[in-house]
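Which chain is which? They are A, B, C, D, E and F, in the order written, and residues in each are numbered from 1.
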Amino acid sequence: MSIEVIGTYAVAICLLIGAAFALIGTIGLLKFNDSMTRLHAPTKVGTIGIGALLLASMIHAHVFADGSMHELLIMAFLFVTAPISANFIAKVNIHRRSCDAPPPPPKDDTWSTLNVPEADRELAEPEKV
Amino acid sequence: MTVATDFMNIAIILAFIAVALAQVLSMVRLVIGPSVGDRILALDTMVVNAIGLIVLLGIAQGSRIYFEVTLIIAMLGFVSTVAYARFILRGDIIE
Amino acid sequence: MTRAFNWLFPHPLLTVLLTVVWILLQNDFSAGMAVFGLILGVIITKVTAVWWPERPGGVSVIKFLSYALIVIWDIMVANIQVAWIVLTKPNSKLRPAWIVIPLDLVQPEAITILAGTITLTPGTVSADLSDEGHSLLVHVLHTDDPDADRDGIKERYERRLKEIFA
Amino acid sequence: MSLFLVVALPFLGALLPGLMNNAGRQACAGVTFTVSLAAFIGLLTNLPAVLAGEVVMTGVNWLPSLGLNVNLMLDGLGFFFALLILGIGLLIITYARFYLSRDDNMGEFFTYLLLFQGAMVGIVLSDNILLLLVFWELTSLSSFLLIGYWKHLPAGRQGARMALAVTGMGGLALIGGMLILGNIAGSYDLSVILQNRELIQESPLYLPALLLILLGCFTKSAQFPFHFWLPHAMAAPTPVSAYLHSATMVKAGIFLMARLWPVLSGTPEWFVIVTSAGLITMVLGAVIALFKHDLKALLAFSTVSHLGLITMLLGTGTAFGAMAAVFHILNHATFKAALFMSAGIVDHEAHTRDIRRLGGLRHLMPITFVIATLAALSMAGIPFLNGFLSKEMMLEEANHTILFDTPWLVPTLAVIGSLFSAAYCFRLIGHTFLGKVRDDYPATPHDPGFGMWGPPALLVVLVVMIGCAPFLAEPFVKLVTAAVLGEAAEVPKAYFKIWHGLVPALYMSIAAVVGGLIVLTLFKPLLRVWDAAPRPEAKTIFEAIIAASVSLSRGLIHGLHNGAFSRYAAIAAVTITAAGYHAWSTGTIGAPTRSPQPAGAVEIAGWIMLVAATCGLVFLHRNRLLSLILIGIVGLMVSIGFVFFSAPDLAMTQITVEVVTIILLLLALNFLPNRTPIQSSVLRRVRDVAVALAAGGATFVMAYYFLLREAVTTPISEFHLANSYKGGGGTNVVNVILVDFRGFDTFGEIIVLGIAALLIYALTETLLNGPVRARLLNRKPDQPRAGDMHPMMMVVLTRVIMPVVLLVGFYIFLRGHNEPGGGFIAGLIVSIGVVMQYMASGFAWTSARLRYPYHGIIGAGVLIAGLTGIGSWFVNKPFLTSDFTYVRIPPFEKFELATAALFDLGVFLAVVGAVMLSLESFSRLARRAHVKDSEHPMDIDPSRDPADPTSPKTEGV
Amino acid sequence: MGLELLVASAIGILTAAGVYLTLRLRTFPVILGISLLTYAVNVFLFASGRLSVGAPPILTDATVYTDPLPQALVLTAIVISFGMTAVVVMIALGAYLGANDDSIDDPIATADDQVEDQA
Amino acid sequence: MTHWIIAPVILPALLAPFIVLAARYHIGIQRVFSVAGVVGLIAIAAGLAWQAADGTVTVYQLGDWAAPFGIVVVGDRLSTMMVLLTSILALFVLLYAIGSGWDDRGRHFHALFQFQLMGILGAFLTGDLFNLFVFFEVLLIASYGLMIHSGGDVRLRAGVQYVLFNLIGSTLFLFALGALYAQTGTLNIADLAERVALIDPADTVGIRMAAALLLLVFAIKAALVPLHFWLPSSYAEAPAPVAALFAIMTKVGAYAIIRVYTMIFPPELDVTAGLHSTWLMPAALISLGIGMVGVLAAKKLDRLVAFSVIGSMGMVMVAISLFTPAGISAALYYIIHSTLAAAALFLIADLVRAGRDNLNLVAMPPVSGAALTSALFFVAAIAMTGLPPLSGFVGKLLILDAGLKSDAAVWVWAVILCSSLVSVVGFARAGSVLFWKAKSVEAEVGAVVAPAPSTLSYVAVGGLIALLVAHTVFAGPVYRYVEATSASLFAPDPYISTVLETPGKLSKPTEDKEEH
């Protein structure tokens, strides 16, 4: 088996893995019945899924053309930004009470998201969006 | 080689369908919500899946010119997710 | 000399990172390109340094790389677990939980990396920080023993990060 | 003197009274008199030529293509009228000098009067009928100003507007008639038109032309049924009434009928319309006049009546009738102007014009009494006064006129008219001057100075002179009559004399005078009958018509323009769709020339996503944040579509623009309500859906049509593909088109962006300097805000990612010429990088450390792009001509230097500046709502010294 | 089913949705409606170069390229409509802040009716 | 080569950013540069019009690319005449803005003003339809900025509708351009004229839709009923000098219709037969009627003037829709007239407002300067209503005369004459309340008397009136010019051949540039 053939199979397998993970992540998004739980599925499974697809792309470039590395950049980008996105969505869930209330922190007064400014406390609870 | 290529082509098609299906499912979550966090999450997922779609397109066409698009979508998807979330959290997104 | 170096490279690692990014963007390596990337790395770091006023203390690059390898391995393993949960576990059998991690880390960079690690590892998401930054709120997708998970995180990641940001 | 000067003098002179206003009343009137006199003398210098039967002509071209030229002509008719206008004008000016009070602005009055005089002279001297129209309408305008001269009087304002409306309408009709007439004759010059009697009368357009012209004449001359405006014009100062509404302007219509008599008269249409209108007016005017108590109103209706008489005479279409008309015009002008001035004197002295409050003035104002009585008796048709002569001729003519096949109709009506005419004349004399002296006049009347009674006296001298020695006037009247008749008829042989023998006209005349006396003796009972009789009040009707048209137009305009944008947009959508449908349905459709490309599951999935997001947006649009998320999806799917269909540049642009737009909308939504309430009814929504579906269906059909057909020939983009590299130095053809082939578009495009930013900035400034500022300061968020304004993770990450984003922006900029990318996308990416920094640490903290002058960046961008374009001027090439070369500097590889890149740099800078200035402006609005700016890049930072007083508060600021 | 049908119907649907939202009574949905119309017209303008898959207008050794001109036109159109959107959002916001009402109807047109008639 | 023909675009385009960069905070310097720029524009425009007067067509190839591949700017009689008209109008409007202090009541007036000029002038000069779209957008966005200049709730609400409606118009323009390009593969006006001839008579729906949509686009700009709804409130609420400048903007639509529907889709073209000939005339007549009825219905002077603009555009469009040389000549004459008259009226309305802070048609105590203002109003109203002796009357005669040979002559005449009467009544009512009835109203005791408007304001208005007078007195020469213009529009071959046959970069076989 030549390196091309192996590469081709590798591409195919990476594609299947990536696509499967992407799909599984989204299934989780649809299936879970709680906002925080749903957050787990796509932010990670999706990341790995795209990672595999990008890997497939890199291998494909190495097999069929003169190579490519810049997919690494996209991968790095997604890996670095995913936690922030998840963190913000979690904060939204906590702020909008669309999940169970978290236990109080052991060291400080409260969670930063719940630390609503004094001026806003008398305002009505947010409407559900 | 042809067997491998055929296999790869089938894999590409399957991957396309899987990612497209993932998009549709995310869209469902986006529409049904119920919480705004779910919707933002669904949007974020769709952006990530969109990157997958374009990567697949690049592989299928053997073209590298879609790289910048992918990179930009990765960057901007993040920015818009943060912007939506900040809007919910603070109202003003660049206070 | 040090002052000149500090003036030119307010965040040397960032400059290196930008140079690498530039080479990756070009998708093709040549010396001229690396030099050009370095020039850009210096300029951009310099221009944006005003928004990064603090200079983080010495970071052990070697330890950081080994930490990264551990995280990548964990990510791959946990991914399969989560995929399994998604595909097989009905919602009724799912036991999600909040866990609270008291932090020993104080550097924002370190805390951020810890939180990022937790999120990237499937099954856990860093959700919030306490209002003075001494605790981290984490949501777990499925657990039978939240305390064990908390200790695992502190042991596997926070300890290593404390060493890196010594 | 040149005719130009005769016409122009009053107009030029009109500038003087205003200037002389401060020099005193005498100077003001004096200068006006001098100007008029100059014109009058100028006219007289042409008398020999006119008497010799010549037609004095002069002209210059004005708008020859249209046939509108300043061609003037002076013949007997014109001379006659000009003489009346200028001669009576001189008297009126003298009279007005003494009539107007010290409160009246004399400069203004005489300005208007001279304008009017000039316009009147213009009418009668015009050879070109379009020029005549100009003067015609000018008389309406100047009379509008003169009637409304006493602006504080409602009657004046209303009378002025009514006169303008009626005569304006007539003027417009006249425009139509004249244009038709000119088109039939092939020229707008009277001298040509008057030669073409047969051509005109045989034309199918003769009748419309006749009707339109007569409409103009009748309105101007207050003929039935347009007689009603004239009495209300009496709100004007008396000199105006005397001048315009008895002697001159109202005769403009008569003049025009006389002027066009050779080509228009003699047809059955002319005869029936003109004669009957004249007859009715004559009788009606006389009857109404009898019962008017206001002296001027009485005189006004008597004018109406006499104008009817003249009209009737012109209508008969005979040469004799025309001659009688001319003679009566002359006579009427003399006695009526004298009467008006006498009435003015009475008003001036007794402070009332109400006949019922007068009487016995004979003793108090003997001079005025003599003048007025002679003039009135002339009007009544008493022998030895000129009115008798022309009235005799009228009765004579009436005897020969058979209207509607009824021989007795015209004579009978003529007698009735004359009878009432005599009656009101007698009433005027009797009830004003005769009888006992009263002791309840509002003021003590006595004869005025010579300045006021001199002018009417002079006229009365003429009245008597012509009345006793008609042969004096005969040659002149015949001269004028000849001019009226032109080549259409011979001047009658009849001689002017007092005694014609016992002809029927004499009996009719006697009957009229006697009858008039009898009617006057029965005045009181008749008045009771008159007052009791229901009759339409023309003014009320007119005002009702105007009020109705105003409220109708308000209903239409306000109903149509009710401020509802949705209706405007719906009308636009329907109009566009309907026009498109019309274009489609009236064209031909051929077979497709392209075959469809197969679509797979993935493409269909993409389509489903797009459609689902779009439909979701429609159904869920009331939730505004959700609709923003959905429109984000639409943008994302469109971008992917662009990638799929080989447009990476577009995809990048679309997605970056999308994100910036969403950021902008989120910034705005912060202030706006988060939900859209349900306001429209189900029916409205059904209507909207129908409109939307029609528009959508139409676009679908159009798009599908074009997608399956080739262009008629090779698109011009073949050239771009072929020459992009050779001529533009780039392999990304889209970018080369943008910065080179069609760089001018891009230049405009960045200017649009720059303007957008300037506008947003300017509006923000305005808002923050206005009442909105207070509202913003007091503004409360509409829901509680979460703590942790600047989360640590975001801040830390931004420190790494933002530089990377800037690097990527730079990369995209550099490669745009050859690969997807370019200055625009790079600009947006860099902006988004900076926005990330703003979002992480806040606007205040970020801009406190580094604040770019975004105005300057925009300006610099546009200037760089523009100056790059101008640079090519120095190598003698057109704006924006590009050039490029390849350079090698070790250790770098060979690279391209292109002026297009410099242009692209301009684009880049303009985009960055515009986006950032806009975002900055939006966030400045928001910052007013806050008090504190953060001092730290992140709110929570355990590494900060807890003893530091500036360390983070537990309060989530 | 062909790609052409998909694209044409997408244009139609975007237009219909855009028109419907443009007929709403508040500025915000109307702005979104105009945005949808902008999408529709951008895609239509893009489609005036016809549809080709896998033939980007980046010069390589390939022989077939899609029509680059409509792409450049759409790019210009996108940028311009971005500027316009920013402007209309700002003006609408200004109007809202001034009157505390984001209704799109223009009260001036009818306020005219309150003026007493003296003419 | 000379670059003068591009100068009307480049000069304001560079002056504006220069003002923003260098004189952002100095209104005095802004004024100096702005006025100097406009004076320069007039000089350039006069030179260009002079050059084009003998029928010379000047083509300027942007980027040195030959038409139709690149964008060309074309100076012919029509475009240079419109450029000259715009520049002259701009000067007086600018003087008024300075004299009345309007330019200092918000930020960036002068920059926006210059950009507005750039957009308008570019729209007149360009020979490329997509470039026309770009210039439309430039002029529109600048107009948005000017329209809401100095803010205020009422103005902003009107502004929202104005912007949104024009966004619909811009969208429609792109639809039309897409259809045109899909059908013909080109965007250059001259090239389009040649390519429509190639269209298969058996498949005409495409080009017909394109032609119809394009016409609607221009009809929106020209405020043709029922696409005029954007105009009344926005023109009424815009700051006066801005509204006065806007008087030329509707003419851009009229200009575009003249250009496109004489060159690309002339009346005798078979494939588009029966399109604009069917509904343009009725729409124009209805516009004329609606406009003048609106004058009668108005209860505020600013709205009255705005409706008179609609009416005068209806008049212009009636003349255009005759599509005969005489009709177009009359339209061109009337365009000049109505631009000046409408501008003067908007400025006069502002003079009225200066003393009484609203424009309701109700009597208020007389104000300082009222006599002069009322005289100016009287003259401007005469012009607008088409009464003699001013150019409105001459223009009306020209249009009536041109319309006499039309099939719809009766309608044309009836509507023009009746609407004239209605507008006369409307203007007379307004004037008599504002200026006459005021004399019967006593000023409140102790009421602050507003100062009279500045001399410069009156100079600006007086200048416009003087131009109207000149337009009347020199109707002969002006008409000869527009007649020649119209004739050249109906014989477009010199235009087309000059545009398409001038060689540019790489269209000459000798020129070749390769990588070295």
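Quick notes
As a convention for this text, a contact is a pair of C-beta atoms (placed from the backbone, for glycine too) under 8 Å apart; a residue touches a chain by one contact, two chains touch by 3 or more.
According to UniProt, the chain labels map to these proteins: A = Na+/H+ antiporter subunit G; B = K+/H+ antiporter subunit F; C = Na+/H+ antiporter subunit E; D = Monovalent cation/H+ antiporter subunit A; F = Monovalent cation/H+ antiporter subunit D.
Everything quoted here is computed from the prediction, not taken from an experiment.
With centres taken as mean CA coordinates, the chain nearest to the overall protein centre is F. Pairs E-F and A-B differ in how many C-beta pairs touch across them, and the larger number is found at A-B.
If you average the CA atoms of chain A and of chain F, the two centres end up 56 Å from each other. Between the CA-based centres of chain B and chain D the separation comes to 60 Å, rounded to the whole angstrom. Between the Cα centres of chain B and chain C there is a gap of 23 Å. Averaged C-alpha coordinates give centres for chain A and chain E that are 32 Å from one another. Chain contacts: chain A has residues 25, 27, 39, 43, 47, 68, 70, 73, 77, 80-81, 83-84, 87-88, 90-91, 93-95, 109-113, 115, 129 touching two or more partner chains.
The set of chain E residues that touch two or more partner chains comprises 22, 30-31, 40, 42, 44, 47-50, 54, 56, 58, 69, 73, 76, 80, 83-84, 87, 91-92, 94, 98, 104, 106-109, 112-113, 117, 119.
Taken residue by residue, chain B touches two or more other chains at 16, 21, 23, 33, 36, 39-40, 64-65, 67, 71, 75, 82, 86, 88-89, whereas all remaining positions touch fewer. Residues 16-17, 20-21, 23-24, 27, 30-31, 33, 36, 39-40, 43, 46-47, 50, 53-54, 57, 65-66, 68-69, 71-73, 75-76, 79-80, 82-84, 86-95 of chain B are the ones that touch chain D when the two sit in their complex.
Considering their complex, residues 61-66, 68, 130, 133-138, 140-141, 144-145, 148, 151-154, 156-157, 160-161, 164-165, 168-169, 172-173, 175-176, 179-180, 183, 546, 549-550, 553-554, 556-558, 560-561, 563, 565, 568-569, 571-572, 575-576, 579-580, 582-584, 586-590, 699, 702, 705-706, 709, 711-717, 719-720, 723, 726-727, 740-745, 747-749, 751-752, 754-756, 758-759, 761-763, 765-767, 770, 855-856, 858-860, 862-863, 866-867, 869-870, 872-873, 876-882, 886 of chain D touch chain F. Taken together, the chain D residues at the contact with chain B in this complex read 601-602, 605-606, 608-609, 612-613, 616, 620, 625-626, 628-630, 632-633, 636, 639-640, 643-644, 648, 651-652, 655-656, 658-659, 662-663, 666-667, 669-670, 781-783, 785-786, 788-789, 794, 801, 805, 808, 812, 819-821, 825, 829, 832, 835-836, 838-839, 842-843, 919, 923, 926-927, 929-930.
If you check the complex, the residues on chain C that touch chain D are 14, 17-18, 21-22, 25-26, 30-33, 35-36, 40-41, 44-45, 47-48, 50-53, 103, 105-109, 111-112, 115-116, 126, 129, 131-134. Residues 54, 56, 58 of chain E are the ones touching chain B in the complex.
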